[in-house]
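Below are structures written as structure tokens.
The two complexes that follow have chain A in common; it is paired with chain B in the first and with chain C in the second.
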Partner chain A sequence: MYDITYFHEATSVQDAVKALTEHPEAKVIAGGTDVLVQIREGRFGPTELVSIHELRDELWGVVLDEDETICIGPITWFHAVNQDPICQERIPVLCEACDTPGGPQLRVSGTIGGNVANGITSADTASTLFAYGARLVLEGPHGRRTVPIEEWYAGPGKTVREHDEILVSIQIPRDHYEGFYGDYIKYGKRNALEIATMGCCCLVKLTDDHETIEDVRFAYGVAGPTPCRSHAAEEAARGKTVAEAAELVGDAALEDLHPRDSWRASKDFRMQLIKEMTKRALVNAANKGGSSASWK
Partner chain B sequence: MAIGKSATRVDAVDKVTGRALFTADLVPHQHLVAKVVRSAIASGRVLSIDVSEAQKVEGVIAIFTCFDPDLPSYQIYTAGHPWVVDPAHRGDIEDRHILDARVRQYGDNIAVVVAEDTVAADRALRRIKVEYEEYPIIFDYEDAVQPPAGTPPIHEECPSNVQAEWDTQTSLEGTGYDSIEEIHGDPAYHHGSYTMRTPRQQQAHIETCLSYCYMEGDRLVCVTSTQIPHIIRQSIGLALEIPWGKVRVVKPCVGGGFGNKQDVLYEPLNAWVCKKLGGRCVLLELSREEVFAYTRSRQPKRFEAKATWDDDMNLVARSCEGYSNSGGYASHGQAIVANGQGSFRYMYSGQEKACYTKALTYYSNQSTAGAMRAYGVPESTWAAECMMSDIAYDMGWDGADFRLKNAIKLGYSDPFWPAPLVCVSNGLPECIQRGKELIGWEEKKKLYANETGPIRHGVGMALLCYKCSVAGLELETASARMLLAEDGSVMLELGATEIGQGCDTVMSQMCADAVGVPLEAVHILSTQDTDVSPYGAGAYASRQTYVTGIAIKKVAAELREKILAYAAELIPDGVNLDLRDGWIVGGPDRDNPQPLMELGELSCIAYYSRTNSQQISAEGTAQTDLNSFCLGASFVEVEVDIPLCKVQVKNVVQVHDSGQIINPATAAGQVHGGIAQSIGFGLYEELLEDPATGRTLNDNFLDYKIPTTLDIPDLTAEFVETWDPTGPFGNKSLGEPPAIPAAPAIRDAILDATGVKLYEAPMTPQRLYEGFQAAGLV
Partner chain C sequence: MEMKILSCTVNGKPVQVGYDVRECLLDTLHDRLGLTSVKRGCEVGECGACTVLIDGVATDTCLYLTAWAEGKTIETVEGLQAPDGTLDPVQQAFVDEFAVQCGFCIPGIIMSAEELVRTGKTYTRDEIRKALSGHLCRCTGYQNIITAVERAVDLVNGFVGEDGDAA
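Now for the complex of A and B:
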């Protein structure tokens, strides 16, 4: 049995905001794959919940707006993002990332918005959204505001979302994705039902020769307390051929990233992963853009 | 004949459709729930428990603490072993109170909350305030034998913290040496010394541990998910000091145990709480986290070993010291590592002149470990096979040839087993030959010999040797009852417990053939109820098919005799009467008997005869001191991603000699499950405890890594069917052996692929990283 003392099924975003205003301790629940687990663990004690689960009209699905910004409703399931034609065509690496959390059951109840709103560094979609420079739209009692993902995280498990705000849209502008090929590598200790030991997303834009790097972004989960990018690796790769860059980016990434020792993995081992995954993500992404480089 | 056929499991439809009833499905509507209050330290003493705030929570019925005056003052043992009549031979340690102020592990049982529901119980738990006196934590062997000054022993009765230490040294007579150390130092030979470690693996059965108790009159009823219902009755009786006959234990369908439920877990506490509340029904159901941290697990072990060998592929001598950490309480204690060291000795007894083993079990403030599938043998086999693997690799020998040459031989007789323990059937050479063919041993060895680059491949192997039961050392007894129904079907009642492994099906097959009826005519009672079920010690030691099968054979013979005696009255002119496939047959030609009467017709007459009414039935007990060896070989192919420190198992082939196979399909299922558990042991599974606090770090299915279907390749199970004269139907055992050899075979394959020797299981990415780094590969 779950210790839930208040439950409100919101009828609109504004209704949810109102309920949150009235219940300063309440948690927002959508898919429930994090929140219910935490309630069961007794982490919050008796818990109040405001559900946005039924707000499909306002918060579900992927649309392309007139300037071709991709707008993802936050309560869209991982699996639904994975299967969405707009995402598959324009941001396929996010589809790949959405196919990695948990198992099939989780991916048809867990939501992409929850994956970002929980503020967790290991969230499988976070590094990809970070690489795409996603913008997160919040709605509160005083209207809407947009937060670039670089400014979203306020520490481990914390975001800049105010208690009475709801994440209502995840947006990726056209110039953030057009011409980029991407690859997401999730490193887990097993092949399913896994939380990332390290996650790495690379987006690369190649010149017409398919071998020279015009632009590149590297973003990571679990390499620090929040998802982050490695500008040093990006700097090292830009203007080089994929094969040249592959030899450099791993060490360069370590200039920016400082993983920690924990019982889950040692710092040295995580550094080994960063080094190798940065290289492979670059090569894999470039291969999708026609490069013939190989990491083997 | 039913034996030897892949009969569909008798419980298949009920389990697939969800009709099968497990303990949680049976809890009466009106019940209370009990939750254990657990210590927040790993070692010390509870000074006081303040329950005043907790008692105010709505829905709380009662809180009983370790200071309750009604608690029994004496301690009980919890290992699930049958009663031992002779006090001199009682090996299990009585070291546990139902609730105890002395805290010996993190989460120790110090009180219990009873409430109307779990929400109320959880709220109360958070409001209980406990004061402790804390002692330094004894974490491993070094701490246990040399604790910080002033640290009291974990159990007063055991001042050294060492529960037991046993040595076995085979006779050196005729070897020309005075000691095994002399052999290990003889310059005529090659020598190696090794340190191996094996993990705290958890049974991780899907159904958690739970029971509910209530009273009927002055008798206590306990319905529980257990492998050992009769032993639970005995333990509740002992714990509460009530006559055993006043306890009734019921075992419904069970969702796995793997040894964890071969222990008396929380049933005595549940029964005590129920009694305190005047017999009201109380459910005590553990969460998954509690199952991980506060039930049992495989004892973590360290092995210090030596080997000596010559230039001609012969082992000359091996020594192995096994140090086993049982945690805060003994549970199965020393029996486990001692059993493992036995297999260490038997397995490669083929050529060597001498073998020394030491088994030592100590207390610590880690969580209590106990029985887990194959009872110490996966650990000792890991130790034995690491050595075989290294020797073959270093000498450039074929691992299969080297192992076969040194493996146990037909006629081997163990010098230390109290009764004859002889290898009387041995299909091991055929198992190895078949395994090599199936994995493509020679071709793959060649194919992968000269790989370079980040991704490499390898093949490896390991052997297993496991006793069929505990016969000869401990009591092996089983009882059976058969009742003939009006329609000629047979109601089969046993003490042998179905816990998911498929025993109800093979017992039914054995019964059908032994009586002479079709399999469909056997109806087995799956639920054990100690009020009515014949005695059975339970599901452990791979013993049930091997031992209960003897009881089935014996009781079936008696039932047949009674049926044929009745038939003789109904068919006075019948000759050579026999019962075959549900028919009374007979006639002058014994080889071609004629059907004379359907068994159903006979039975109906017997029930309702106005002159000779009989319910034909038989029951009895069988006992055995005979034992034998199960053998087998595992072959594994792996792909190793060196820079990412990852191993993917590409193929596992396991070939077993378990004598005659009663049901090939369910036998293959046992092998598949065992391989998966061994892959877990080798690569993934390890409960971790924080040395500073003793708290379990990964008490959930996310952080405790069980391999998923994406981590396990297609598995191949085959059998070499020897005929073993000690088994009731030429069979040996198969419950546990499959869980033994895949892990060391993976280790051997990683060595083949990378040249890196690993000694600690599981070989996690972190450990692979450390190994590869030391070898200069990353």
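Now for the complex of A and C:
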């Protein structure tokens, strides 16, 4: 039994917005795998909930726009993103990332929208969505607005979403994914049911020789209070061969990133992880694009 | 908090049951419907002991509000046995492979195994391990559990071959 003092099952996005307007303390619940755990831990005290769990018609599934922007419904399960043919073909690294939170049962409750809406740095899909430069569409009482993911996070566990706004779409424009190969590495102490100690996503675009880096993006979870990119590592890698860049990107990433000590891992260990995972993610991603480089 | 009435299908039968809006499906199945195979374990989605099939999908019921089960089809271990008492192939495989120690985690694991069996596919041991990775067994009896699931999958889906070498 959860400490819930008000529960509204929304019948549409606008109905949810209305309920949120009327209940200034209410929280949005979609899959429940994060919100319910926090209620159980007593983080919120008695809690009012507005559920968007049943809004499948409006908020579920992946579609391709006319301009080939990938639009992901925020209440789509991790597992459903992982299995989606559009995602598998065009943004396979997001499918990989969606295969890492919790265990199989959690991935058919937990949602990709919840993973970014909770503002958590360790969210497995957040770093990948960051690397893809996703755009997050919010709907509130006064209509819709779009927030680039770079401007989404307002601090640990905080986002720029207003209380009465609902995340209604996660969009990845074609030029953000086309031609990029990617890799997501989650470091944890076990392979399932684990929260990332460090997460790193690399997207790389190679020139025709399959060895020279034309463009690259590195994004991280748990390397700071919010998911973030390392522009220094990207600068260091651009124009170099994969093998050359692999030697440089780890140290370059540490210029940008300042992880901290926590009970999960020390700062020193996290720095070591950043250095190693940046290199490996780059090489793994490039290998998928035909490069023969090795991080070993 | 207000009481509501849930209408859904549980183990093949239409069910109407009163529930408190604060409840999760684990509470309702275990405490109100007496389906004690649905175990209360960690209650935070880590142990898998409360796993049931919701519309055929193995789901942790501790993190699933009862309100969301309206109109859904729910299956628990209680619904697997045939009317004459014959065990379901997954249950039988767990018996044959001595896969049960204390038994607390087993009903949840059996429901995840049911989901695998019903795909009609065969699986390698590594794939089975991953499919069961949302379950914890405090007796650490994983080897026999995986062997039992492998046996059930191979039996039902007609695979005959070398150990774990599924096509």
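Assume the second predicted complex is superposed on the first by the 296 of 296 C-alpha atoms of A that agree within 3 Å, B and C clash if a C-alpha of one lies under 4 Å from a C-alpha of the other, contacts with A are read in each partner's own complex, and residues count from 1 in each chain.
Everything that follows uses one rule, which is that a residue touches a chain if its C-beta (ideal position, glycine included) is under 8 Å from a C-beta of that chain, and two chains touch if they have at least 3 such contacts.
In this text, all values refer to a predicted model and were calculated from it rather than measured experimentally.
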{"item": "Partner chain(s) touched by A:Ala265 [first = chain B, second = chain C, both, neither]", "value": "first"}
{"item": "Touching partner for A:Asp3 - first (chain B), second (chain C), both, neither", "value": "both"}
{"item": "Which of chain B and chain C A:Val108 touches, first, second, both or neither", "value": "second"}
{"item": "First (chain B), second (chain C), both or neither touched by A:Ala192", "value": "both"}
{"item": "Chain B/chain C common contact set on chain A", "value": "1-3, 103, 191-193"}
{"item": "Touch list for chain B against partner chain A, complex", "value": "117-119, 122-123, 126, 289, 453-455, 643-645, 684, 688, 690, 697, 701-703, 705, 707-711, 764-766, 769-770, 773, 778"}
{"item": "Residue ranges of chain A touching chain C (in the complex, touch as defined)", "value": "1-5, 7, 9, 29, 31-33, 36-37, 40, 51, 53-54, 102-106, 108-109, 191-193"}
{"item": "Of chain C, residues touching chain A in the complex", "value": "1, 20-24, 27, 43-46, 48, 51, 57-60, 62-65, 67-68, 112, 130-131, 133-136"}
{"item": "For the chain A and chain B complex, residues of the former touching the latter", "value": "1-3, 41-42, 45-46, 103, 187, 189-195, 197, 263-266, 268-269, 272-273, 276-277, 295-296"}
